[in-house]
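Reading through the structure tokens given below for one structure.
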Amino acid sequence: MMLDPGGLIATGLLATMLVTGAVALLVNDLLVAAALFGVFSFAAAAWFAALGAVDVAFTEACVGGALTTILLVAATFRTTRRLDR
Amino acid sequence: MTPYALAAALFTLGLGGMVLLPNLVRKLLAMNVMQVAVIVFFIALATKDGGRVPILEPGETEAIAADFMNPLPHTLMLTAIVVSVATTGLALGLLIRIWRQYGSLDERILLSRLRGSGDDATRHGAGDDATRHGAGEPPR
Amino acid sequence: MIEALAGLLVALPLAGAALMPMVAVLRRRGTRWLAFGLHLLTFAAAAAVFARTAATGEAIAHRMGGWPGPFGIELRLDGLSALIALLVTGLSCFVASAPVDASRGATRRASPVREGLVRGALSMLVAGLVGIAATRDVFNLFVFLEISSLAVYTLVASGGGRATVAAFRYLIAGTAAGSLYLLGVGFLYGLTGTLNMDDLAARLPGVEADAALTAAVALIAAGLAIKAALFPLHGWLPDAYVFAPAPAAGFISAVMAKVSAYALLRLLGETLRGIPAGAMALETMVWLGTLGVLVGGGMALAQRDAPRMLAWSSVSAMGAILLAVGIGSPLALAGALFHVVAHALAKGCLFLGVGGLAETLGAGDRRALRGLGRRAPWTAAALTLAAFSMIGLPPTAGFSSKLLLLRASLAEGGPAGVAAFVALLASSGLAALYFLRVLEGIWFRPRPEGRPAQRLPRALAAPVLSLAVLVLLGGVFSAVVEREFVSGAVEAVAGATADER
Amino acid sequence: MKARLRAAAAALILGGLFVGLLAGVRDLPPIGDPSSPASTHVSPRFIEEARRETGALNMVTAVLADYRGYDTLGETAVIFAAGLGAFVILAASIGGPRRETPGPGLSHRVDSLLLDTAARVLAPFLLLFAVYVLVHGHVSPGGGFQGGVLFGLGLVTLRLVWGPPRPDRAASRFGPGVRASFLLASAGLLAYIAIGIAAMAFGGAFLDYGVLPLGQDPAHVRELATLGVEAAVFVAVSGTVAVLFETIAVGVAETGRPLPNEDPAPVEAREEG
């Protein structure tokens, strides 16, 4: 169950974080950005779990993956989806 | 890619986004990225080669420090995650207010609209700004 | 018994923060006196703790959960922490009973429910600030930093309108600051394995990792410097102070940045003092503070809007305080702490008064204050006193604190000391220019035609007057203030350094 | 021109930050080193003694709710502060002059058989799982905060399919209304503080659970009190999650009652933006 922190999967998760994190800041649609941010959070959570921080992983999945994403989506209903204005 | 390097990269990315991106929602997303970077850093600190998840089996009573991941940074990061979601929630509230009042979430547009309305006119209008700008509903 | 009080110092306002919104939502009224009572009670506790530390010269500690030292979290109130706690809780009493939406003046009052909610946020802010002052744990300090930050964003945003934008910018700057600080704490933890300040101070000199230590110190210093509005990281301050509702602005401008300056003093001046990077950060702070004194003063001179002028003068004052913290000699620290007290009283008075007046008038332009002297001589006199204190004229508290600061920078010598000395003198000159301009209008100009008569809401008038009296007393009895209030605080942090010199 | 100069300066500073951070982390003990200061100072006590001293199998829970329980109190305060802040910022005043239109937002039920059915099936399990997470925080990952978030999300799910609270009532058919949620959140924070003060009343320090008269074995007493604290966090967090969702997605009145909403806009109309 434990992954080698330097192993392939862990590195892949870190790369995923970097890519989704960067792209989430650049896309022009808030819903897409929120979804990307969700992926970012889940990758982070998986990486935390791989390093034995199961509590942190659980929390990050609940909060970053679910709650923050839901709040972001909810906010689009009262603001705008477009991120260029 | 070592976790520390990734944490540094994400932290810089987040801080840069907060400073450079003009859209307020993007600033908020960048803020979250930066906070995750800090968490990555702490979790990497907590690892020990050959360490276990810091939870004992029900029958276990004795534990040796070297066998388990360091639980302290994990605890700290639980708190940090809470702080980050709390800040995000409050910030979204502010964003909705700003959108309703000024019809924009872009720093540059906001700045020009704020300047156009002048300090004194808006200081005291509190929530009435949307009507002051001649539109009951912000442009969608 | 007294240890129990130290433990309650944070718990009381925190309970208030939960209780007042509850009462407001359920009963819709009664929060005003509840708030006043709770803040007064907290102040009494802080005063008792302060009196004890002043009498014995010893710190009062409270181990949370009963766990010792680095394993649990310890609150410790020494002379310095107790002074800050006293200042925060004392000032909160002045604004606790003010109507939250004095900003809307006579035309519109906030609903009682909203008032209760905002009072809850004020109580939360007090809890966070006292917590920062009391804790000995660097991570716990981060938690309290965030508690106070969230509360202060709420207070600023409750002004509505442009305040919302100001609050968002403050939030972004504040969160960046918090994350920088937390990352710095992470570096310290990775190097020493501890979060307790005393334990850190003991273990850090043995650490051989200069680059990591430098990174830690730089991150922590940068994070706290943003919060303390050290030039050039002060960007969030003017808008936040100007657009917050008057009572909130009075309290925030009086204590918010100063508590972060306290944290800088505590960490750089005490915990991290033993390492080279810490000394370097302090040196940098002297120069940046000096620049901030000048830039803040210059910008204040350029403003037409009276509250905005006051906000920029805060940037200048924070520069003065931080440059003295950077110098770090006992004399400079005495000056810094005296200035913290003097500036908190005077700036609180000015922001409550000018903010309240400007908002009832519907304009912040300083010309709107013309003719105030005839219309409301007491208010005008109070504001004049506070302005004298800001300039540094006798017999006000600001004179005594400026004098200490000037002496300290002269005693320091060297290019930094001379630069600081010149900047401090120049800032007094600039302050004289921009304040006398306003005072001249208040006393010698007629009220402009077509403007409504200025009137300070009664709930603000009492705090303004009493703060002005305190400013005067602080100046007249400056020796007492220095001996009874400041010296114990200086000893607490610089006891070791005093021996060295 | 000025903007470009500023961007260049920012890029320079950020580059410096990145390089500085990289230099800094290279100086830290290597990742995974069991003999690093972080692994050998302070933290061994949490690993080796937590079971005996606090009764918790999960060391993270032991540190969170006991050794560093004060941090967790602060954490609860932070989350409550967010709910309070969103309430202050977004709640519209009713009665006084109308400052804000209730606006679009999710002020209607989502009409979809699929969603409805899914939520009906899912929500009870979510709520139940949330309670499980709370109670099992001692022996497995989880605890008050995670459970609270899940419980709050469960309430939100129900809220989404069953529609908004009726304007004339404080509570919707299922799940508490925002007013009740807000009261719950403050009650949770108050309960946490009350546990801390109760310990002082029995002669201990703030949050010193050991002195509470709950039994003979101190570890067991601490375990029970920890559960109490976690429950307080659970209540505060689930209340706040509901408040945050309600204020951000829907909008409420200052009294905590839902905004009276006139004809809610159909879904299509809202998604043009």
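The first chain written gets the first letter, and so on, giving A, B, C and D; residue counts start at 1 in each chain.
Keep in mind that, in the parts below, a contact is a pair of C-beta atoms (placed from the backbone, for glycine too) under 8 Å apart; a residue touches a chain by one contact, two chains touch by 3 or more.
As the structure is a prediction and not an experimental result, all values here were calculated from the model.
A.B. asks: By the contact definition above, name the pair with the higher C-beta contact count: B-C or A-D.
C.D. replies: Top pair by contacting C-beta pairs is B-C.
A.B. asks: Which integer distance in Å separates the CA centroid of chain A from that of chain C?
C.D. replies: The separation of the two C-alpha centroids amounts to 37 Å.
A.B. asks: Averaged over CA atoms, how far is the centre of chain B from the centre of chain C? Could you give it in whole Å?
C.D. replies: That pair's centroid distance is 25 Å.
A.B. asks: Roughly how far is chain A from chain D, centre to centre by C-alpha average, rounded to an integer in Å?
C.D. replies: The separation of the two C-alpha centroids amounts to 18 Å.
A.B. asks: Using the average of all C-alpha atoms in each chain as its centre, how far is it in Å between chain A and chain B?
C.D. replies: So the centroids are 12 Å from each other.
A.B. asks: By residue number and range, which residues of chain B touch two or more other chains?
C.D. replies: Within chain B, residues 2-3, 9, 11, 14-15, 41, 44-47, 51, 54-55, 73-76, 78-79, 82-83, 85-87, 89-90, 92, 94-97, 100, 126-128, 140 contact more than one other chain.
A.B. asks: Which positions in chain C touch two or more other chains at once?
C.D. replies: 108, 139, 143, 146, 150, 153-154, 157, 160, 164, 189-190
A.B. asks: Going by the touch rule set out above, which residues of chain A reach two or more other chains?
C.D. replies: If we look for residues of chain A contacting two or more partner chains, we find 5, 54-55, 59, 63, 67, 71, 74-75, 78, 80.
A.B. asks: Pull out all the chain pairs that touch, please.
C.D. replies: Final set of chain pairs in contact is A-B, A-D, B-C, B-D, C-D.
A.B. asks: Within the complex, which stretch of chain C touches chain B?
C.D. replies: Where chain C meets chain B, its residues are 103-105, 108, 139, 143, 146, 149-150, 153-154, 157, 159-162, 164-165, 167-168, 171-172, 175-176, 178-179, 182-183, 186, 189-190, 242-243, 305, 308, 358-359, 362-365.
A.B. asks: Can you tell me which positions in chain D touch chain A when the two form their complex?
C.D. replies: 31-32, 58, 60-61, 103-106, 141-143, 145-146, 149-150, 152-153, 156, 241, 244-245, 248-249, 251, 270, 273
A.B. asks: Which residues of chain D touch chain B in the complex?
C.D. replies: Residues of chain D touching chain B: 7, 10-11, 14, 17-18, 21-22, 25, 28, 31-34, 38-40, 42-44, 46-48, 50-52, 57-60, 62-64, 68, 71-72, 74-75, 78-79, 81-83, 85-86, 89-90, 99-101, 103, 139-141, 145, 244, 247-248, 272-273.
A.B. asks: Enumerate the contact residues on chain D facing chain C in the complex.
C.D. replies: 20-21, 23-29, 36-43, 45-46, 66-71, 73-75, 77-78, 80-82, 84-85, 87-89, 91, 93, 95-97, 99, 179, 182-183, 186-187, 189-190, 193, 196-197, 200, 204-211, 254-256
A.B. asks: If you look only at chain B, which of its residues touch chain A in the complex?
C.D. replies: 1-3, 6, 9-10, 13-14, 17, 21, 23, 25-26, 29-30, 32-33, 36, 39-40, 43-44, 46-47, 51-55, 69, 73-75, 77-78, 81-82, 84-85, 88-89, 92, 95-96, 99-100, 104-106, 109, 140
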